[in-house]
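Down below are the structures I want you to see.
Shared chain: chain A. Partners: chain B in the first complex, chain C in the second.
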Partner chain A sequence: MKRYLIIITILLTYMFYLYGNTRVPIEEVDIIVGFGYDVMDKSNGQIQYSVPFNSYIFKPNEEKLSVTKTGRGKNLTEAEQDRDSKVERKYISGLEMVYVISEKYAKMGIKDLIDERFRNTEANDMAYVVVCKGNSEDIFSFQELGYISTSDYIYGLMKNIDGYNFFSQNYKLIDVFVRMDSKGRQVLLPYIEISKNGLNLTGLALFNKDKMVKKIDIKEARILNLLREDNVKGVLSIRKDNKKYIDFYAKSKNRKVKCYKENGKYKFDINLTLTGEIISNTLYEDILSSKDVKEKFEKDMKQQVENMCNEFINKMQYQYKIDCLELGRYGAAEFGRLKNVDWNEIVSNSEIKVNVKVMVESEGRGDY
Partner chain B sequence: MNKLSGNKITPNEAVYILIGIMLDLNIVSIANALVPIAKQTSWISALLGGVYPLYVGILAVFVSRKYPKDNILTLSKNIFGNIIGNILNFLFLISLMIYFCAGLSEVTIISRTYVVPFLSSLKIYVSILLLAAYTASKGLKTVSRICFFNFIGLITLIIISLGILRNGSLLNVSPVFGVSLKKIIAASRDSAYDYALMETVFLIYPLIEDSKKIKTIVLKSTAFIVIVYTWITFISIYYLGIDIIPKTIWAFVEVSRDIEIKNITNLRYLVLFILLFISIKSMSILYYLSLLILDNIKKIKNKPIVIFLIGILVIYVCKNYFKTLHDRNEILEYAIPVITIYNLSYVSVISLVSLLKKDDIVGKKQKK
Partner chain C sequence: MNNREKILKENDYNLTSSQYTAVVFGTMVGVSTISITKGIVRYAHQDLWISTAVGAIFPIYIFILTMVIFKKSPGENILTLNRKYFGKFAGGLLNLILLVYFLITLLIIGNTYIDMITTFSAGFLSPFKVALAVFAVSAYAASNGLRVVAKVSQIALYLTFLLILPSIMALKEAKIINIYPVFESGFSGIVNGGIEAFKQYLGIEIIFIIYPYLKQKDKMAKVTVNAILLTTLVHVWIGFISVYYLGSDVILKSDWSFLLVTESVTISLINNFRYIFILVWSLIILKSISLYYSALLFCLKDFTSNKFQYKILAFVVLPLLVLLCIEFENIFPTEEILNFITISYEIYLIFLGTLMAITVSIKSPKEQRKN
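On to the complex of A and B.
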């Protein structure tokens, strides 16, 4: 008797707790996999926000489809309200894989969108954030062969970004949260666009606080990543001509930055250690047997990387004028973070030295 | 599982209870309380704040040596007489009740934010209080068993947070001595809320089997709690940085987001589960202790009715005065200094008087 009483009480409590909540079977639910953020110019000179999302739809015959729904409005929330009026099924967020922000939106500032995501406890902080050329709506409606949705494709692209170009994995939403308003830190996001051969990564978007400042191409992005990130992998090569070149698959390890003051001026030393293997070589003869040749290669490579880095730093200091290497962070850690200082300005006017150390660890299985 | 027998608790169980009573949900927001004042050195403030429980604990050691069988309620009645003593004890009860309501409202706000936004606060109050009341009605032995599981949960939480070491940076915590000592001490005063309720050791020491071991009990529990708070503050700053922590409400919940463990898709829910458990445990202890004090003031004849009345009272106060975060913080801002000063002086005066005038009190007792 007592047992039945307990069971009945538990059931009643359960019903009491769920009273008033409508529930829908999972087959009738759409799953959002990607959010987009666009702005457009209207004919009367005003700005219109447009927020598409990309979602999965499950059909009864086990078919999976993806659709894109868009809403438009005067601001972010109004656009979301408009979008909601076009959705005929219940949808759940929280499983999104990517946030695609159009270049124009990014240039106007992403503070509102980041605030909205930060408040939302259902937001997936581990989703990747990317900046795209044109509109994110076009990106979502672009179908890549073999993928249910473009969001899956972009997610895969981001997941494997760190193979050959010194990219890190720090392009998630939570990384934007941590970086955007911190002193001496800058947001950096991958830049994708639709080209002739499909949707691909074409560079990096540099941000100053919440506003995108500039897009750099993948060649520059490689050097920027090398200077900025630790524990990244990529290929560096010396080319004489099309047939004579050497490729070095390098891992950057133990990146160290020193910040000190001399005569009232800030100075930064960036020490990079590159270890790795030679993956192809038609330039140096006898690199396997002769130690001198190997050392000559290491010296040449060091020289080349340092030149590349200095070139980039020059450009950063005189053209971009933002601290995209996050050197201000080291300065703040050294000289205190209470002072109200603009690290972009300080880094642009300070002396930055790069020291590279190249070490060949292996040459593969032989030198053909 | 061993059968629970006897009314007395072992020294180990006492350690778990003391840890349980000091450690409430405030572990998730301790960094938020300290960082605005002490910046990146907040973890030192958290460390210094440990002086408060240590002082109270040491007083308890001396008092328990002289009067191993009397708790502070009896001592206060013996010193000040029945009426004033009872009034003082009742004020002490009110301070416990304020912590009770503050804790209950915080767990409700957190779970309504992160876990069950569709439930009304009243439903959450009722469900948590039901569990707490049931545990409390079973006696101190059961409460101590819950505290033991809570201890294991806490260790799990700390092990989980070790995973974030890979993602954060020491740069966020440096420069270590960039903040003036005055601010560090000012912030450590603010940690009084987190370290509060060590005073309850005066209530439970007569119930410990081996009252000579009270010194080790106090030292062990204080050391553990200091380590936990320091670590949590440190890891929050280490990962989020001092510019982002003030933007969050519960910093530690955000910290747990970026840890990837195989087969666990969303670690935040595991963390929240442990946090809910921690909170229910605190409610149980406070429930038990209020019963204990009430029983001392006036012998309780009908326990279920008193438990029910306490529950109704707590729900009433929570619903009317602690409903939102703003209300809660506003009340606590005024209440915490008053409570802390009252509790400290209550404990100190009674200890000092009873230590100095030892023969008098014993004499009084024998006459009765």
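On to the complex of A and C.
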């Protein structure tokens, strides 16, 4: 008797708790894998928001497809409402892999969308955020061969971004949360575009607070990353001519930034240690056996990297006028966060010194 | 003396020292632990983790008072002592304030839990359904005696560490630089933050009621201090890792900052750690509610005749609790009122404990001689 009573109670509780919920089988659910954010000019001078999403569709015969749906409106929420009217199936978010922001949107400021994502409890904070040329809708409808959706492709691109060019992995949504409004920090996002070779990474988008300021190309991004990120990998080379060059696969270790005041002026020291291996060499003879040659290479490389860095810093201070190296972060840690100071201005007007130390750890299998 | 024998007979109410530690730990670590940074950050900024340690002054003071009372009368809790020393009316009034407080705290925890669960994982459930489930389960646990609740607390203790330890991985993701400069907010900032952190240690007052139930009386000091240290460790760690990973500017914006830290934990096959965290943390909250429910039952028992068993009392107050919890926002419309209640209660606890400690030390020796 008691057993039946328990079973009946459990069943009634179950029914009570599920009453009023509508549930759909998983085959009838779309999974959103990428969100896009665009703005467009309208003929009457106003701007229009457009928010596409990229989603998986599961077919009964185990076929997977991806579609892109777009909504337009006067602001983000209105555009989302408009988009919802075009969606015929139930969808779930929370499994998105990428957020693609168009360059124009980023230049107008991403505060509204970051606020929306921060509030949303279903947002995936580990999804990558990228800036794209043109519209994100075009990016989503661009089909890369062998991938179900473009979002998968961009996700893969970002996941493997840190192999070369000194890129880090700090391009996730949580990194934007952490950087956007913090003292002395700046958002930095990868920039992708569709070229004739397909969809690829072409540089970095520099932000000042929530607004994108400038796009820099890969070559410049390499130096910026080297100066800004910890524990990154990339190739540095010295080139005499087309046939005579040396490539050095470097890992940056123990990056240290010092901030101090001298005569009321801020000064920054960036100390970099690059260790790694020589991956190709037609420039230096006997680098394997002779210690002098090795030391000469290390000295030359140090000189070259320091020159590159100083050139970039000059450009940053006089042209971009933003603290994209996050030096203000170290300044704030040294001199206090509670004061209201503009680190962009301070960094642009202060002396920045770069010290590089190069150490060759291995030379590969041999010197051919 | 008669009273004491009766307590010892009730086997369901005797705790081993590890159970007692879990209970004391469990009273303080609960629903607000993952949002511990919320109030403190306004005063102490990046030094908030120091403030969380400063807040431990509150449980330590309560602990010292308890030890004074415990030394003089190890067998009777504060509810009995209140009536014994201050008479039926004044003592009853003091107990009534405690009862009302436990009721309000239950409502606050229940409401915060509903808020959390509907925000993060089960938005489709109405507050009524969540409140009913939560309070019914807790009532069942509490009605079965303190030992059952203590066992639940033991499991919850392990779960707490299971949930908090993965955040060590966040150490790799960020830099120590976020907590510098240390002591920037100054003495006043840190102390103000510490006073704000007292809130996080509320719950410790339950030891006023449960201290007679520890089996090995000689271990009382050690066991309680262990629990307080463990709690402080958890609070400081959560404060520290939040600042370390997020920086003080982001903490200011986030209500549940520790949940953001756990995002950095990526376990393969698990897409989103957040849901798992909330799900397991629910068990820890259920433990908190059961503990307060027990405390409420102790107070109620003090007012009713011996005829009523805990089992009956537990289910008598259940509908009232559920009803009040749904109407929570109408009863306490603003956060200011809640803050006022919390602060006045902190003051009341310190007052009550100090008063009792003084009374006990003055009066108790004479009475023993009489006997």
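In the analysis below, the second predicted complex is superposed on the first by the 368 of 368 C-alpha atoms of A that agree within 3 Å, B and C clash if a C-alpha of one lies under 4 Å from a C-alpha of the other, contacts with A are read in each partner's own complex, and residues count from 1 in each chain.
Throughout what follows, a residue touches a chain if its C-beta (ideal position, glycine included) is under 8 Å from a C-beta of that chain, and two chains touch if they have at least 3 such contacts.
If you're wondering where the values come from, they're calculated on a predicted model, not measured in any experiment.
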* **Clash or fit, chain B versus chain C on superposed chain A** => clash
* To do: Based on the superposed arrangement, let me know which partner A:Phe118 touches: chain B (first), chain C (second), both, or neither?
  => both
* With the two complexes superposed on chain A, say which partner A:Arg329 touches: chain B (first), chain C (second), both, or neither. => both
* Look at A:Asn21 in the shared chain and tell me whether it touches chain B only, chain C only, both, or neither; answer first, second, both or neither. => both
* Asked: Taking the contacts chain A makes with chain B in one complex and with chain C in the other, which residues are shared?
  -> 16-17, 21, 118, 121, 125-126, 174, 177-178, 181-183, 185, 329-330, 333-338
* **Residues of chain A that touch chain C when the two form their complex** => 16-17, 20-21, 94-95, 118, 121, 124-126, 174, 177-178, 181-183, 185, 230, 329-330, 333-338
* **Sites on chain B touched by chain A in the complex** => 39-40, 113-114, 117-119, 123, 127, 169-172, 174-175, 178-179, 239-244, 247, 254, 257-258
* chain B partner contacts - residues on chain A that touch it in the complex -> 13, 16-17, 21, 118, 121, 125-126, 172, 174, 177-178, 181-183, 185, 329-330, 332-338
* **For the chain C and chain A complex, residues of the former touching the latter** => 45-46, 119-120, 124-125, 129, 133, 174-175, 177-178, 180-181, 184-185, 245-250, 253-254, 260, 263-264, 266, 271-272, 274
